[in-house]
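What follows is a single structure, and I will ask about it in a moment.
Chain lettering (A, B and C) follows the sequence in which the chains are written, and residue indices restart at 1 in each chain.
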Amino acid sequence: MTGEGNPVSFTVRQLADLVQGQVVGDGERLVLHARTLAEAREGDISFLEHDKYLPQLLASQASVIVVSPNIPIEGRTLIQAKDPLAAFVAIVKKLQNKPELTPMGIDPRAAVHPSAQVGADPSIGPFAAIGEHCIVGARCRIHPGAVIGPNCKLGDDVVIYPNAVLYEGVVLGDRVIVHANTVLGADGFGYRFRNGKHVKVAQLGAVEVGNDVEIGSCTTIDRGAFQATRIGEGTKIDNLVQIAHNCNIGKHNLLISQMGIAGSSSTGDYVVIAGQVGITDHVHIGEKAVIGAKAGVTKDIPAGQRTLGAPATPERDQKRILISLEKLPEMRKDIRKIKQQLGMDIEKEEG
Amino acid sequence: MTGEGNPVSFTVRQLADLVQGQVVGDGERLVLHARTLAEAREGDISFLEHDKYLPQLLASQASVIVVSPNIPIEGRTLIQAKDPLAAFVAIVKKLQNKPELTPMGIDPRAAVHPSAQVGADPSIGPFAAIGEHCIVGARCRIHPGAVIGPNCKLGDDVVIYPNAVLYEGVVLGDRVIVHANTVLGADGFGYRFRNGKHVKVAQLGAVEVGNDVEIGSCTTIDRGAFQATRIGEGTKIDNLVQIAHNCNIGKHNLLISQMGIAGSSSTGDYVVIAGQVGITDHVHIGEKAVIGAKAGVTKDIPAGQRTLGAPATPERDQKRILISLEKLPEMRKDIRKIKQQLGMDIEKEEG
Amino acid sequence: MTGEGNPVSFTVRQLADLVQGQVVGDGERLVLHARTLAEAREGDISFLEHDKYLPQLLASQASVIVVSPNIPIEGRTLIQAKDPLAAFVAIVKKLQNKPELTPMGIDPRAAVHPSAQVGADPSIGPFAAIGEHCIVGARCRIHPGAVIGPNCKLGDDVVIYPNAVLYEGVVLGDRVIVHANTVLGADGFGYRFRNGKHVKVAQLGAVEVGNDVEIGSCTTIDRGAFQATRIGEGTKIDNLVQIAHNCNIGKHNLLISQMGIAGSSSTGDYVVIAGQVGITDHVHIGEKAVIGAKAGVTKDIPAGQRTLGAPATPERDQKRILISLEKLPEMRKDIRKIKQQLGMDIEKEEG
């Protein structure tokens, strides 16, 4: 664990009280470090997220374990809690003993345009730039070097990490998190071919991001051509993702690292798209569809469908193809043998 | 539409005059918003880019439509213009009523090295840094937080968006646009294996970018080892693209998002490379070649060839393979049946 | 070659002495430019890295060639050196005549928190930000706009290029190089699904990077959930790479551009992973494994194995599959013919 600042020790009972848990074993035992099962050493506290990790627990040196009630474990001190993961997060934070985040005000080295409106209790770091006519909600944290272009509108409790960039007119809901070096609202990739040259088509739309969206680092979401590129509320986007102009992403999607979606495509709610997937332009991914890693989507995907492969097909079909693919060299030999047996012509070349 | 600043309304006739168009219908009608066919509401102006979108037009609520001459549409007010897209762009800008971009000078919070030469009418934002001996042409706009390393040379009318980085010695032609958080001139990935370690080989070349090139956000173009990495004039590069050291990209290419090209490879003019394509090192892509999304290029591609797949093959071959691939499980069953009929041995295991 | 600053000419003998090489031919000849074989002009010096480039040498206009001893070449002046590449690097640098890098101190426009400890001879550029309680080793170079969050710890001789971002608590060994716009320590992609929403799980681990690691530009390495994400010493990471939370990357790996590795996966030492590879979560790549470009790794890879394809299989199997794949349309025709000959049913539809 890092950034420990000034770690302090607590008794098992103090930690159990913190998470409204029950102690089984020595409540007076002192604990200093919280670590995963694999990394824990004698004296540390760890946690069991799921029964399936019981073998790791048995191999772990951890002395104190946060577990669900009714899981019998011998030889360790236990804190039984209804939600062991949430309890462990609280315990880790307690032991890390970091100071609470308090509003830092506006650093005098930030460049906030006089026409910008900044809400209550801001934290704006050095070298952050906030452009003309921006409206920034309450309690926003704008980290060092972040650049918010003119006419942007940020809701309350928004966090913009260092060196992230919002171009002109980007709109973010409440509690949106934008990680470092991500770019929202750069021009969409729009050109027309005229007289031997690709001529830029002005990109005049916006980017609109709903409440509770989190966007990873080095991700790019382009502004629309004439309409907004939209991200629905609650959607979580990983690092290095590309969302092209005019896309309309539904609510509560998970878009995993290095996936990309081309212009004017859209997704329903609760869609999950795995890493390195590519989706072509002007298609729709139905709600609750799940697209497997590295898939190449070339057409609409119905709601609820699990899809794999490039070009993407329903998971069941793709799995049958993949199994057959492994047999392909053997199939080729078989065909050769059959043709021999039948006295059919066999081409001379051999792959 | 966003960043509307201070939108104003105009009559249909005023907008038609702006684009040298002909009014069919009520020229005195007032228009406030320009929107796409799908998003337009009663009273809005929209446009028809191509006949194939006629069904969308019929379903649209737009009251005023910018169209090519000679397309008969009933029940709407029309502005007939030779180039409806260009006309619509002009109309959108008119309605958005944003102030003209005027030179902003050099912000006192920028760090411009005293030895750098900056041309006429610059716009250099706060926290931009321009290194020793840089030469910056006329009317360049260097946005907040952009970093231009020493000995760079920028042509006239170059735009560098926020937090983009040019390492030492990068050369940009006129009217080049570099979007936010893009990196030009970082060291190429060059190492030699010596005594159990990968030892860095100094990367001493440059990056040279021709006139009218546009480069998206979070894209990386590495400096050459001993020669320049070059991007030919008029080429347009999307977001999250990787161009490795010593590459020589032709003129008027389109390189789509998340594609990557490895060291010392080159492309002819007018090449189009779709999203998530990977190209190996030391190959040449002939002029006007078109490489489909997600292709993996392992060897030279002849001029004009359309290529798909990983490993990439000519489009026609690849399509035949893909069609057969869907039939693969069935083919496997057929072979089994044939072998049975012929009394041949059948392996026991079943995939 | 760029950034030539103030190039100067030297005699062949002077350059040979610089690299402890032997002159064959005219040692008094003056040389001004060093270029690759392909780009060299009359009068330039070039080098021959390997015998296999002899044809390029014969076609080159270069007048002076740095070669290994015992390679007979007629009609050129030679500098024979044991390590021609290293010798050529030294000669290029000599001819470029750039000033030595000297410590620049801490720019008054940098924001170094008063509680941060900065080692001897620093170079910290304008608009760089160094957070609370950071410890920065000797001779570090922090370029303009780089942001080092609180509680980070940097070894000696670390280089952080412009606008790179280290979140809180990132630990870097000695001689680590982080290129521009790369992000270390952003939150891992961790959520739980509760009441129809993806709820963020706090990411409380760190990022720990060993000695002599180099990380390209626009790469993202996420902080661990409860443990550190670790990069072993001597590992080299290219541009636009994604390393997810809790990964444990071995020593002396090469991770090429646009590859991604999902959460909690690990690699042994001396692993090589080519461009655009994707690796799923919770798998281990054994030491000295080599994974080919665009592979999709879905399970553990044994030590030393060469792997290709998506899903990834051992190279030998994959090559057999790929060869058969080209024959697939033909195989389909063969099966049809066989079935005809045997009087078996043939489906009517034709792909």
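The rule is simple: contacts are C-beta pairs under 8 Å (C-beta built on N, C-alpha and C of every residue); 3 or more make two chains touch, one makes a residue touch a chain.
All values reported here derive from a predicted model rather than from experimental measurement.
Engineer: So if I superpose chain B on chain C by CA, what angle comes out, to the nearest 5°?
Structural biologist: Rotation angle between the two copies comes out at 120 degrees.
Engineer: So chain A and chain B: same face meeting same face, with over half the numbers shared, or different?
Structural biologist: different
Engineer: Which integer distance in Å separates the CA centroid of chain A from that of chain B?
Structural biologist: For chain A versus chain B, the centre distance works out to 25 Å.
Engineer: If you look at chain B, which of its residues touch at least two other chains?
Structural biologist: Where chain B meets two or more other chains at a single residue, that happens at 127, 145, 163, 181, 218, 240, 258, 276, 310, 325-326, 328, 331, 335, 338, 342.
Engineer: Residues of chain A touching chain C in their complex?
Structural biologist: Within the complex, chain A touches chain C at residues 1-3, 5, 34-36, 38-39, 85, 88-89, 92-93, 96, 107, 109, 125-127, 143-145, 161-163, 179-181, 212, 214, 216-218, 234, 236, 238-240, 252, 254, 256-258, 275-276, 293-294, 310, 322, 325-326, 328-329, 331-332, 335, 338-339, 342, 344, 351.
Engineer: For a test of understanding, state which residues of chain A touch chain B in their complex under the given definition.
Structural biologist: Within the complex, chain A touches chain B at residues 111, 127, 129, 133, 145, 147, 149-151, 163, 165, 167-171, 181-183, 186-187, 189, 191-192, 196-198, 200-202, 204-208, 218-220, 222-223, 226-228, 240, 242, 244, 258, 260, 262, 276, 278, 280, 296, 310-311, 313, 317, 320-321, 323-328, 331, 334-335, 337-338, 341-342.
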